[in-house]
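To keep things simple, chains are lettered A, B, C, D and E as they appear, and every chain counts its residues starting from 1.
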Amino acid sequence: MAILELSGITKRFGGLTAVNDVTFNVEEGEIFGLIGPNGAGKTTLLSCLAGDLRPNAGTVRFDGRDTTGLAADRMCRLGLGRTFQIPRPFPHLSVLENVLVAATFGDPDLHGEAIARRATEMLEYVTFPRSPATLASHLNAAQLKRLDLARALASHPKLLLLDELAAGLTPGELADMAALLRRIRDNGVTILMVEHVMRLILELCDRLSVLQYGELIAHGDAATVAADERVREAYLGQNYIL
Amino acid sequence: MLVRHRRRIALLGVLVVALVLPYIPPFTGEDYRRWLVGAAFMAAQAVAFDFTAGYINIVNFGFAAFVGLGAYTSGILAVDFGISPWIGMVAGGTVSGFVGLLTGALTLRLRGIYAAVMAWFVGLALMGLIRNVPDITRGSLGLAVPSLLESSENLPYYYVIMAMLIVTFAVLAWVIRSRYGLAFRAIGQNLAAARASGINPTRYLVINFVLSCAFAGWIGGFYAHYYGILTPDVMLTSHTVEVLAIAYIGGRGSLWGAAVIAFPLSIGVEFLKVQFSTLPGVHLVLYGLLLIVVMIYKPGGFAAVVRGLESWLIRSRPGDTATEAPPAS
Amino acid sequence: MTRTSIGAKLGAFGVVVLLAAACTDTGTPTATPAGTPTGSESPSSAPPATETINIGIGGPFTGTSALTGTEMKNAAQMAFDAINWQVGMYTINPVYVDDQSDPAKGTAALEQAIVGQNLVAGLLNWNSSVSVAEMELTAKYKIPWFFGMGAAGTVNQKFTGDMEKYGYWTSKGWPDPVKLTTAYVGAINDAIAAGTYTPASKVVAIYGEDTDWGRSFGAGLRHDFEASGWTIKSEDYFPLTQTDFSALMAKYASDNVPIIAGTSTAAASITAFIKAYGESGLKSLVVADGLGWFGDWFDMTGTSSDYVLDSVPGFATDKAKQFAADYKAKYGSDPSAAAAGLTYDWTNFFIKLMQQTLADQGAITSETLYKEAQDKLWTGELTYTDGIIMSVYDFSPESIPDPVVGKGHYIFPVTQYKGGERTVIWPADQASGTLEPKP
Amino acid sequence: MTNGRVLDVAHVEAGYDLLQVLWDVSLHVDEGEFVALLGPNGAGKTTTLRTIAGFLQPLDGDISFRGTPIGGRPAHTVSRMGLGYVSESLNLFPAMTVRENLQVGANSVRNKAQVASTMELVFQLFPRLLERRDQLAGTLSGGERKMLAIGRGLMASPSLLLVDEPSLGLAPMATVATFDALKALRERGVTILLVEQNVNTTLHLVDRAYVLEQGRIVLEGTGEDLLSNPHVQAAYLGI
Amino acid sequence: MTSAATNLRSVPLARRFLNFTWLTLGLAAAILVFEAFAQPSIVVTTLVTGGMWALMAAGLAMVFGVMNIPNFAHGELFLLGSFTAFTVYSPIREALLNDPSLTWLKILGPFPGMVVALVVGAIAGVLLEAVLFRPLRRRSREQWVMNTFLLTAGVSVVVINSYRLTIGNDFHGVPAYWDVPPISLFGVPISVDRAMVLVIALVTITLFALFLQRTGLGRAIRAVSQDETGAQMAGIDLNRIFILTMGISCALAALAGASLLFLFPAYPDVGLQPLYTAWFVVILAGLGNIPGAVIGAFIVALLQNLTIFYIQVGWVDVLPTVFIILILLFKPSGLFGSAVKGVWEQ
């Protein structure tokens, strides 16, 4: 069953068409990859389906209902968790409070003691390396990414949108992250990830879509897409050392 | 846990001091008691102001206009309809809250300085409106308003305004400790992340504005029936600056900082004014300088100084390892 | 949330420190206030004083009307200087009550003065809103206050509404402006009747500063003009500080109004208004009540003020000119007749009242002063005729709290300007010329 | 005074507020060299560059540029001495045209002819910028912005260019183009200190490299040496 | 791209409403402009008052754009300028009164005051930066915009009351700079003083614009306004630019005060009205947008004059304010606002 169905999504900014007639489904329980060169419209597409932007045309169906144009907070409460390309913490709240915000407002089913419990659990779940009392403004980039992830999970999402979560991680950290994402998926959360790091994509994703100049140019399982001549040509380039 | 318990006791202590203050010389004098009324009036306003400025990070630069709107509502109800000031004050709060709702909705899409200036313009427009409908408000002719109490003593008024300060503080502090407070702070610090965490910013922003403005209007009603005369000048920007100065010197985002510092500050200003009566305006110069020095050297205000002292005391007493307990749970 | 415990203690500490400071203040005698015998001669020349009484002098010494307040303070000092701050065996100690044009600040200052410095009585103030708020305090402490300049009808209503209580605001230094507008309308209507002035239409544009004074004056004009068959085309009230009137003049030109009438008490504002009128080339007849209050009005307006109507004498008599010169010598600026001149007269009236009280009742206290006000002032028995602005200052049971307005009392003939000179044009028995329309 | 030593960083410690990031970092760059600073995220690479460029005060240690100590000097002075810095976030002037951005880059150069010829050089290096010279920087694509940032860094004719993560956020194609440009620069004799995530590509490109881990230099060597270093292979190359 | 503004704009109803409102606003604007031209006196008055607000607003906009300081004390520089001009011009005027035959002095007399005011304003600006903003910047840049807003509010209180204490409350003005009969512009009589204000404003603003566009220093100022770090990388000394910016901005305000002395005499509160109006202008135009501020000044002047002309002087603050609120509602960054420096996103 598809948890997310995009059909004919188009988003224009003035004269520029950032996303043009994009259609694909994300199946429940899979890890779905969205790749493409810079400026291809990946983040815009993500914003359209997370409720930050309203598409000019097309519909978004999430979890069986039409959610086109619903605001981001509504989407979150419906079960859509997300992380940002550049992490966005609440700088003057502690790490725990950061996660508490999402547990309190992101999951309508959670009440009372359970909220604090959820927040603590999520920090443990992502193996957050520092004290929960640390102020978010004192964290480094990698820790902020992890905090973003914990916060996204605290709203008990059915679908997780990850925007370049792996950017800037070392190979060692990358392996940890891959394991963590797999564990999240195994716990029943569907993942849609936008990523540049091909190794992670190829390793994790069941299926891939490739976006270029706002249009889908390839679609399918990782091996097929990686082998697609158009993709290699347009996206990977010739002399790139993988 | 111990820390928070002690904190409550300390605040209660301050409250008790404030309540018995009119019986301690020289505050037994009517003139000092009037200063106390003025101080408590400023404190209540500053608390309501900080509720917006310190949490959702929007400075309501038209604050005085909301105070004035409440005052005028209550005053007009009393003068033209003979409605009891007690009810009028609540009505004033309601009207200010309603206009706060509209202003909150207006400023929704704006951040930082734009929202502050937008609120300022709303305030200026309100003042202009009051000024230009003299048939209703008497404009600059001044609206004479009946008193709240029979007595012309300051003491009962002091306890009325103290009660209003306590209610304002208690209600707003309670809201801050609830999930609403968490939402306010989240919105104030990162709007996009707050949305992505399931917070509907419209809702909380408007709730915050409505509450703050409603209390401002209610407190404004007290102004009307204490001084007995209203002119559009109550809505002047300079009055907002006075409240803002107290809130900031008290420390943004603490509520209690503003409430506590209002007393020494506004009484101190009156005191200076008497001391320097030969040089009218010196007290304002000193006040301005204090504001400048605080902004440059202690932007966290009084609350930050206290927190610094506190953590210094805690550190210097190793036995008392009070870990920072997570709030709002 | 926030950490409070030590914060709270510190707060308490702050209060205690403040308390201590305040205590030391009340423990020591109050610092001698400003201007106490500033210009006094050597103390030995005065008879030895046996008692000091504190007299409040109100006014907006800071804030937006500080210019007026400062002039009032200076003029009052000059009046008291002249008697070396002595009335009989009493030495007068002035307590300056700075209301900042704000009822809240004003009442705080006044209550501090009354309680902290034991005022016996007080005089003067400027804004009506402050008057209304301060009336509560004079009633509460039974301190008689004299000649408050807050003019608006609000003060009268409050006074007459409960004279028992608010009678302590014994008298106003300025009548309800409504009473002052009749003269202009009379002058204009009489000129039309006499055929010396033939306006194209009976239409008026009213303007004024947006204060209690300006609005009351405008209301008076509206009432009087409408009563004699005129139509009001527009009414504009501007801030006290407004100096740019070009758009307003464009409007008058477009409306083609034959008469523009109004007032402002701010020198900068009214002179700018007249200047803009001159530049605009309008032919309308202008009533600019208050233009002549300012010593150097003609320097500021030049020939723009030609054919403008006004009804204030400014410093007309030799005595008044002497005062203006003395004032300028002492304080370095030109006084206005409205603030400094009237204050000087009212202060002298107050001194006379104190002297009379001492003579009649043998002591100067709040009670005797109030009784004197009731017995002699309100009845019109006690008047002041040595003024530099008005010939007679007096009250009557019908007029109080206002002074008696009218011929031989608090009123001025309507004058018309030309080349900086004024010609009295109304009432007829005092007139030395007739109303001339602008050619 | 070693001849040809452009940059000498000796025992530098640095950090933010209460958080120390660098411990005893020593490195040097010689005339004409292409040196890389590698390491995992959060190791302190950017902090090192920021400290050298004068945006951070070192807590301890010495930094000298062509023999002159520059530790703790404000950024603009360091820049004027001939040390160019291309930051991770580029810091372009979005509402100025490409040409104006370059002109500002030559802010400290008084000689107009020299500015013109350097701009010529930048346009040769990045023909794309020439095409877009009158376009606002804010409207450029990611790769073009990178080029502009490097171009701006070259405008003052620096004798050393610090480049922070030129591949960050770029699609592989654009990354390749950027590396090509760096290679070309190097061939023109510009001394470069490069910070990179992309260990494999970088090591193929540079003369020497340092590996920074948790605020300390742990390895140093030529590109080839490090490529064959077991630690590097295990931690960064995934072999 | 994911700002709050775009979020809300994505609601369909709001969008339709928005289009509708733009249409209405546009229509209203067209009618207003037409009305204005039907009355040449409004056009002339607008040009003159717009010129004065432009001088004030350009400086305010620049300080915000470059230094992120919402200067609440901008009006006090106006005061400083008018008092300086008064001090310098008074003896000149005295000389003219004694000997009216000095034609050259009659023509050139007012200029020394303006020049000195310009210099004094610049010095005051430099002092403000050196004594207040630099120490604050060094300590913390957190909440910078609001902190400096409050800081300048404090400066305003201190300056006004210090002026009151030392110089007093008197109005220090001159009846006219050039005491000659009014000239006629489009058939509307206008005093030479007012015409000169327009000339001075236009010349100053043109020079200022050329300075920003064509000179290296001007480019450096713009560079700092767009990216401080980038500017430092290019060897620009921020402190010098800040001092320069503050100096120029304050000099402009002081020049406005000086050239308007015949209309606004020097007194403690004289700066308030110009300050409010300048704020109107920069908010309407978009904070930090200097050319926008110049255009905005004329728009605000038009609004004010139309209000006076067709309604009442009293509404002169209310109606333009309501109009600005409407504009902000649908264009949160102002008429010409751009997202160059996302200050409101902080």
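Heads up, the rule we're going with is that a residue touches a chain if its C-beta (ideal position, glycine included) is under 8 Å from a C-beta of that chain, and two chains touch if they have at least 3 such contacts.
Just so it is clear, the structure is predicted and the values come from calculations on it, not from any experiment.
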A-D compared against B-C, more contacting pairs: B-C
Chain whose average C-alpha position is farthest from subunit B's own: D
Farthest-lying chain, centroid of Cα atoms versus that of subunit E: A
Distance from the mean Cα position of subunit E to that of subunit A, given in whole angstrom: 47
Euclidean distance of C-alpha centroids - subunit D vs subunit E, Å: 42
Centroid spacing, where centroids are CA-atom means, of subunit B and subunit D in whole angstrom: 51
Distance from the mean Cα position of subunit B to that of subunit A, given in whole angstrom: 43
Residues of subunit A whose C-beta touches two or more other chains: 51-52, 71-72
Residues of subunit D whose C-beta touches two or more other chains: none
Residues of subunit C touching at least two other chains: 62, 66, 210, 237
Touching residues (chain side subunit E, partner subunit C) in the complex: 39, 41-42, 45, 48-49, 161, 164, 168-171, 173, 175-176, 179, 182, 188-191, 194, 263-265, 267-270, 272-273, 304-305, 308-309, 312-314, 316
Subunit D - residues contacting subunit E, complex: 53-55, 74-77, 79-80, 84-87, 89-96, 100, 103-108, 138, 152-153, 155-156
Residues of subunit D touching subunit A in the complex: 19, 40-42, 141-143, 168-176, 197, 200-201, 204, 235-238
For the subunit B and subunit A complex, residues of the former touching the latter: 179, 182-183, 185-186, 189-190, 192-201, 323-324, 326-329
Sites on subunit B touched by subunit C in the complex: 3-4, 6-11, 13-14, 17-18, 21, 24-27, 29-32, 34-35, 38, 131, 134, 138-142, 144, 147, 152, 154, 176-177, 223, 227-231, 233, 253-257, 260-261, 263-264, 267-268, 270-271, 273-275, 277-278, 280-281, 284, 302-303, 305-307, 309-311, 313, 327-328
